[in-house]
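Taking it in order: structure first as structure tokens, then the write-up.
In this document, chain identifiers A, B, C and D correspond to the written order of the chains, with residue numbering beginning at 1 in each.
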């Protein structure tokens, strides 16, 4: 899709203290300025003193204001009085999604396949990896591939090189089984959300080798978890999870094989939700509309 | 819960041709009259010329109008201009749910257990059956049990007796594995929605003995379907479905056993959604908020 | 089912070091003595030096030995040479299942109802509880109910009373949401397997209030786990698990409600598998045939 | 994996009238000739007069007979007396799997990717299609691609060309969303099993456009079905099925997108089971070990 083909649609994301009149104020403002609401979702943690979340998708075609005017007016008339944290996203400007990967191909390929098929509304400016294994796969999709090796004890250098590649070049970083732990410093500097896929049903089996740990504990179900990355390992806000049944017949290798299918599906759903501005983070949790 | 304990909450259900300004008009009206919106869901089959559906749950405590005034004003100011089909339900007035059953106890018991536990916001004025088997079970919950036998060739009589019991006494009839087909005449006269549980994944295996049919076809998954009853057998609007995996080890008896767990769960979820006014019917389909 | 109606079926459970010829030896022995094999399952952790598990179900009608002769001969001819841990169970002698419960009714009701339907091949000699709430429910199924209160600081006394009730009177104890932690001393003295249902997807959310913990972590899926009880809390061999999807709309109360349905289903499946001698424990894990 | 790396493992598949002594005879024969049983599954439709199915996987290393000797001896000593239909498959000789596809890439890509990962123990001699769209994708996996267009009214010609490509060149044909109906004549001549993926939960929504039909019926769950192809459209023995939940928000396009993930997973599981000789067909049903 070229940008001129993309729908002239905006998505308004709001978070504020819950009180009366929010929906009326927002919908009245949009209606008065000619925006046609296409979709609307809301959630309140508690109508009495809780926090209110809203996602409104609306068509821009009838709007009687420029984007700048619209955002200024909305801020003055609606957002400020209700103490809103808010942002407008425009579907005409798809997010730029950079992908980091190591050696496992399943999550990367699934994202690239889905992207090519039009399931993920994003551009993919680059794939970066600490190994060269997935260069040909990546380049066959016309996506640039960058090798950024991480030498022992020189992680800072690697992160600096990654930051050079990523800073200002993407709106989202996806860790598609990237087997390096990113430092808090990196996360701060990269300045965009980072989504990771962890190959367990968090909070069970935090850390390395979760399938082995699951096998040793003798669980009957394994899972995968997509979450925003924070400084604390495997503890960021969960976006999506899913599971599959295993039995005594399934050793760590079979779990790894079965788990691949869950990992790629869960990561794809989380990325899709993020790209469509359906995920709001509050504290260490998410609202997914 | 006595009626004075029930939340002072109303639910507004709307269906109308989609056009601009609906959300603004409804939310503005509620806000202007002091109603605090607790929850809101909407759906449009197509923002251009489609049909719009909405469910708004709001607190009545701050309302500056009586119920009658409120409904009159809403009709005049909002509903009529937008050509809405609409209704307000009040949580203080739980629906009266009559249950029809034959010999299988699992769906009946599950509804009665859930009702006693407070999961289903309804009263149960009566259970009626064409067999006496479940009298003791029903009465142990303090619910009146009526035997209405259906003699061969005299179904009309039985339906007349059922109508005497039900007409004006309930807001919903639940067929909890009631093994008689209700006539179109009965459905019209009873005048309230009727929810049935069919023991297959409709539209597969319409009619009698679906587990046997599923076994003979060699399916690997069986299911159950809760739907509103219409004159056409097993063809009414579907509210909820679920499935379970089976294997070559499972004959018709095992399928029947496994299926029981799906049937009771699916029926309970459908009934709960209906009681909370989450189901809107259009054509032969449902929107379930 | 009276004992004379029960199928004349035996189940042979075997665990031994894996090596060639086990299946041949067992099946040859059974065939030679006239037993008709109805079902057979086997599992090896590793054909080279691993452990071998087997469950064989066979009809006793053609057997040319008495039970005592059969068990003696099998031990001498097959079990000893292969260093087997083994046991024969007879379907004519259903297991006696005692149930401990506190205040939540859903697991207890489900077990008693399934037992009445004939889904669980066991007798239920008694239900014991530290609260009197579920007496009427229990007694309506014709099962004796015993109140064994646990006074603060006097848990030992309560366990002694429980042991008086249970010792020698049951082959299995089921904790159907029994909210007391049983001491290692109790577990040793009761001398039969104890199955517990934990209301989380173990090993996530060990300990008290797992739904609250799940809510706080923001998981998108909740679960329940049935396991044999060992001295280490929530760490015994897992028999069965299942899960359900939740969203940001589901607070701890909704999770508790949704979780009830998983708990009762998981516990019932685990108990059924145990009663049919389908579960073999090795180390801290299970093989479930 | 080169053929010399492949495990020296054979799989014996048996179907015969159920009677006493089958397991003993088979396992005794294998043991006597030095075969180490790795895995064994059995199923009986009815121990009294039913049909018995068995799959035994055993190591060939210790075998004291050549393949020819082994098959001859087994036939004489075991198979003939028990009236067995039987076959031995050798893991060293992976099946040759030809794939037919039209324009949708998801099933094809998933099979080729799984094959490359080593999940599917087969060779892929060729992909054939009635469109040229997936040539580059196929060839990037090093697999030959053949365009066999089907011109209107000249289907016979196309089938003849396909037969030229396939006859004697493959042990299995997989229809990975091949949108042409194969004639009974073709099925007979190709002489190997043909596995199709149908994009509905059969027997619901037989025929074309099942997602549109599912949308129109208002189902809450969609599915996919992998089955062996027979002359009767969408009616062959089912190997595997799976489902996903949909809601009123999901139109035919969303169902198609959600369905793609089910289709590729179901087809891959069915193909994997077939390649590992886990599927036995009887009548219009399957036993899947």
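As a convention for this text, contacts are C-beta pairs under 8 Å (C-beta built on N, C-alpha and C of every residue); 3 or more make two chains touch, one makes a residue touch a chain.
Every value quoted in this text rests on a predicted model; they were computed, and no experiment measured them.
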Length of the shortest touching-chain route, subunit A through to subunit D: 1
Chain pair with more C-beta contacts, A-C versus C-D: A-C
Distance between chain centroids, defined by C-alpha means - subunit A, subunit C (Å): 42
Centre-to-centre distance between subunit D and subunit C (centres being mean Cα positions), rounded to whole Å: 37
Multi-partner residues of subunit C (each touching 2 or more other chains): none
Residues of subunit B touching subunit C in the complex: 105-106, 109, 113, 117, 119, 140, 257, 261, 265
Subunit D partner contacts - residues on subunit C that touch it in the complex: 20-21, 23-24, 27-28, 30-32, 34, 36-42, 44, 47, 59, 62
Parts of subunit C lying in touch with subunit A, wherever the complex brings them together: 43, 201-205, 217-221, 223, 237-243, 247-249, 284-288
